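Two complexes come next, and they have one chain in common, subunit A, joined by subunit B in the first and subunit C in the second.
Let's turn to the complex of A and B:
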């Protein structure tokens, strides 16, 4: 990728850019005095946590800033033009012409009611003068869809976004962006919503297109793993200011700013040396035998339902104090497994033995008592708290349902909030007053209020920034040891599984394809599917270098939890 | 699944659907029956009272004649039996088949409600879309206040006020009726005459729905404007009008269609009031008259027909919904 360093005019030059936030925000500027350049055929990564202002810069390039947020000083030059000086037509020609953009969430970024072929077509129609004939346009759409590696473009062109997978949708977005051979591609967290294998494919596709066309790419990410894989140069942002910039290898190997070091260290890493299979196991706490579940998805009125196999004879055991990671791509049935163990989804067949009883046979009060000991933390901390319920109530409600007095439950709730790293006063506030990471801490406190023996974490850190992820994982590791919790950690991110789990189960289409201790699965995977998943981890080549792995031991707070188990 | 098997499955599903509909209609018919009988008095009492001789013998005779002396359950069963045979029976009072009475009145009501519905939908969504696109502007404020006023105005009051202004004071429009009687008119003049008679009833009936659709469309447009795919459309370099027509309108229409479909049935309820105010010779007035006379077969017949219309409208809404939103056809949300 270092072949990208050519000495031609930059496709994007951002010079001393400052963007003001509306009055009354938590800071006056979204972005302050930011300067960087992207040359043709170069990938520049803009890295920072949420709120660092990286998306604002991307939006400023195409004049897409939200109302009330304005550029107050500095200039942006895209392919020799200043977008802020272009009006109407000129700006429209730039957008999608010389500079195209793709976004984080490909489903919501495509019009749900328009066939994807039409949406790509529209991009060509809006820019090509004179307008090409319909036959020509159709051919171009077909070529574009083929170039981004979509199977069966004839059929795909006629599909609606909801009929495609996440990866396919992002490919459609890329095909659309490529339609007019832009000099600059702006990709705003293009893989954050995708699972690891898809992420790798999309990053490769962007990189291939960049190479083929000599495009400049501005890639926005919070993940240094992604940086290690694709970046030529890196700009690290914090609170709207550049803390460090340089070539990818300089910044990764020899970060100058402490904050950069922090971000790099936050990338979860396999800590195989630290994980011991020490526990002499008595009877398993939880035993799942032959779980089966097929979903029947209703289609139109007169069509037979489609069947989706979510669990095909899954068996597993979980011991006290143990963490089991359940890993797989989206659609592999991992969340369904978690929900079936909680008995939130009824399995078709199989048994769930917990504390000497089969959970599936329990009814009424017996089931209620058993449920208390199994708790779950969900992926989206924004959706899983009632926005109209104070945090203290949300936590106390559980114990109160099991007969604890309100006063006692609230006292406990306050203690728990302190334990998960928030203050007692948090109890009187509403969920929207907290950040994503803080909300996930609240969700953990809520789950722990019932003193469960098993905690199921369903993608519990996937929606969080890498650095916040590291903190929440550290908290979970501590709590696990303190409360002798058994944990089932459901994730698509193998780095996280490697960091926290004692044992790993790999799921594919409702079946366990591989199972073993974390060290076994990560160092000597037996299945091709597992190897694929491992290869897909972003930045793996870089972060698995021996020199780097040694440094990784110093991540604050995490090792204490894991070493001791 | 084999081709034959899936064909059989589709057949079974279709039969299941139809069975469901028949069951729904029978339940509604039962409910209507109970509802009508729950009103105090019966047709015999009304008739005997009107003839001025309410002696018990006359009452008994009348009741025997109409079969009202039999136990409720027997009456209900024979009613449901007729429903299944699509036989609506005879009117006690007018001594004519109920089907004839309804068919005679149905066109006038359809003319009134369908016109009002279409106008409300088209004008309401157009105004709502304009207000939504210009959210926060003076235009938006004016539209919003206007629709609030329309929404809060009782249908009958609006009708009476229109009559007061346009017929009584200004003398521009005929105050009631469906057409001018006792005049010879060419077909075109006749059509114009009917249209003139329609203006006020249609306006009164449409007002509230126009307001509802306008408000709904406004908020729907505002919501769609914030969606990610609108940002995509802007990043693609599309012009403002292209974004509105190509990406916003159809998406914004989805909730409006849902509500409009649900309310199309309620529109007929509004028609009862309006037809009474404007002496419009439609089903609404027939209902009102039958109610006063406790003419059970007519009432039950009208209710049944209206129920079927509402069910049909719901099916139609489902279909329109599928046309607008492809996600509905596959059951994925």
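Let's turn to the complex of A and C:
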């Protein structure tokens, strides 16, 4: 790669690329007339919302386009070669050799039945000619695993993917991608499935590796926070067309296109919420006392089961009209907490007091009646709607289950759909006709149809594009005022917590490590763990995070993160 | 609607459907084409095919083989479909309870299912039919009773898959009652593979019925393909037509149902359907 480092010939050149979609799609081209270049030692971010065609470009580079989707014009040149002109052998040498790719979901991109060391080894064996000796390969695997920052590579190479955490799996993927010293690394949303702290580590790792080796990196993301952290240059895509491209600082500081500005503005800036609940009644609406839960995972006949502590004496209170954010990394037990309050997961010990009763003691009909007051919005809007149920029915079912007549419940459902920003006609359609953001609105309408007093939002906006996130958050903020909802907002994204919550609880390994008002936690965190989480917020340096300004009053004066720079 | 259109484009599925329709039509028009009962002796014994107006020949007692094959289609289809539905009813109920409630209920029901699976189906069927008098109803129930385990296992697996899906949990949080969650949310999402396996069960049920009749354990009042083969087997070297034509009928019907079932499976499986279109 030393040649590539010295020459400034681009490692990837995309010239006037157009990719056609099969007939009958929502647009004729996935990507139209896209041109850009990546030079050695350069990180180019491809930014856009889902459906903008950004992944299509990445797949086109390695000739991985799905059947029926073809390049109709333009050329792609990877390290001097045109992949579309390569035959089977040439393409195999290119993939994983000169150009390597890492994917969004690290679990599904590793073979679950093979030890990870073997999988890295395979990458070397497939490309190195003549094949190095086994001893040499083993050493290379060890070095690679060490380089990507995995602890104890000796032990780790013998592990199976399911034994690793999401971040560790992504590191293994990166080790595989690095195995043959590629000139180009393509990373397709490599951190979207990871929590903030892991995201930061992975981005830093990619950044370090490219400096060390002088590779070009094509990083695909929908988050301008990520762009601000790592990109040298940015290409903004919308509906398959390039809206704007330039150096990262140019685009971020002085966006030319209105769409780019929209995307940048949509990045949650961790501005502290200016709405604050006025607590009318002193007694809490919901009180959780000493909740405990340990998951036991069986490992084999002779090994003892692995124990995962999801809740270790969690106690919290929630007042009417108040929003409580529960933040933590994945595996900290925050989702389990929400599920235990909903009685979807049975706690081992503790009490959940609500409306004068302990929810844990309720069974059957009494539990059904109590559930009416507590509702939940799940993370994945695609999994949480029954694909065979019309949207109107999905919303009306709840009130109907408690005795409201069908006609009345449907009328209510239509009103609610309008309230969450959809049209009345949505009631007669099926979930697959809606986008992710629209589906999440439907889920919110469904939860609110029962007029609950407590709403639990379990990562309710994490699966959405940043721009859609902002809209859904605004809707939730409005609704909570309107309906005097008490809300538990579970999230790994502190920027979001800052914008919506009155109080924040920080969870780590099933324990509350910090608790306080949002301003307290964000401006004067007491725990190192909280500070780590805050530091990990993507784009923090660039956006200057007004939320962290010591003077809280200063915040109101700042219109957006851009102006603050 | 889209499913129907996709099926119409499925080549082997359509061949199966056409063949199956032919069998159904034969079963329906049997009394019109052959007004005389298939048990009636209408010609000389051992009449070869084509002679004496008997297209497919006569059997050892001079009964019309063609009439037997046509009337046999009614019996085979009726028993095949009715016993597959019986198997589906038993299997889906047991599988659904097992998959939804889990725990001890699941343990007991699945051990019971395994018990049924370890006994050879045909031996159990012979035992049951021989114990109760062979009649249309007992044969249907017997075949149903030996064919449900695969359906129960499939339903259980589908329920386990769907039980903790978020939309099911959302329905639970909405306060919907258990039976509504099961019938309204889980079953409709699990029904496609269940239908496919049920349609294939029809084919095995027809084979089971034929085998039972061959052993002389069929309903003595019904002319069935298996009975005809059983009756003709001793003379197969001098009068092949007595066993070959009913045998061909079984072969074609079972083939038709299998092709239809596979076509259905492809069309109902979104991943395969997408690849085809």
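The criterion applied here is as follows: the second predicted complex is superposed on the first by the 524 of 565 C-alpha atoms of A that agree within 3 Å, B and C clash if a C-alpha of one lies under 4 Å from a C-alpha of the other, contacts with A are read in each partner's own complex, and residues count from 1 in each chain.
In the analysis below, contacts are C-beta pairs under 8 Å (C-beta built on N, C-alpha and C of every residue); 3 or more make two chains touch, one makes a residue touch a chain.
From a predicted model like this one, the values you see are computed outputs, not experimental measurements.
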Task: Which of subunit B and subunit C A:523 touches, first, second, both or neither - done: neither
TODO: Return first, second, both or neither, reflecting whether A:126 touches subunit B, subunit C, both chains, or no partner chain.
DONE: first
Open item on the list: Of the two partners subunit B and subunit C, which one touches more residues belonging to subunit A?
Closed with: B
Open item on the list: For A:371, using the defined touch cut-off, is the partner it touches subunit B, subunit C, both, or neither? Pick first, second, both or neither.
Closed with: second
TODO: Check whether A:398 is in contact with subunit B, with subunit C, with both or with neither, and answer first, second, both or neither.
DONE: second
Open item on the list: I'd like to know which partner A:111 touches here: subunit B for first, subunit C for second, both or neither.
Closed with: first
Open item on the list: Which partner chains sit in contact with A:254 here, subunit B, subunit C, both or neither? Use first/second/both/neither.
Closed with: neither
Open item on the list: Is A:100 touching anything from subunit B or subunit C once the two structures are fitted on A? First, second, both or neither.
Closed with: first
Task: Interface residues of subunit A shared between complexes with subunit B and subunit C - done: none
- [ ] Would you mind writing out the residues of subunit C in touch with subunit A in their complex?
- [x] 165-177, 180, 184-185, 188-189
TODO: Would you mind writing out the residues of subunit A in touch with subunit B in their complex?
DONE: 62, 64, 91-97, 100-101, 103, 105, 108-114, 122-123, 126-127, 160, 162-163, 173, 176, 297-304
Task: subunit A contact footprint on subunit B (complex, rising order) - done: 1, 6, 9-10, 13-14, 17, 227-229, 231-239, 242, 246-247, 250-251, 322, 324-327, 329-332
TODO: Flag every residue of subunit A that touches subunit C in the complex, lowest number first.
DONE: 342, 344, 368-369, 371-372, 374-376, 378, 380, 383-389, 397-398, 401-402, 443, 446-447, 449-450
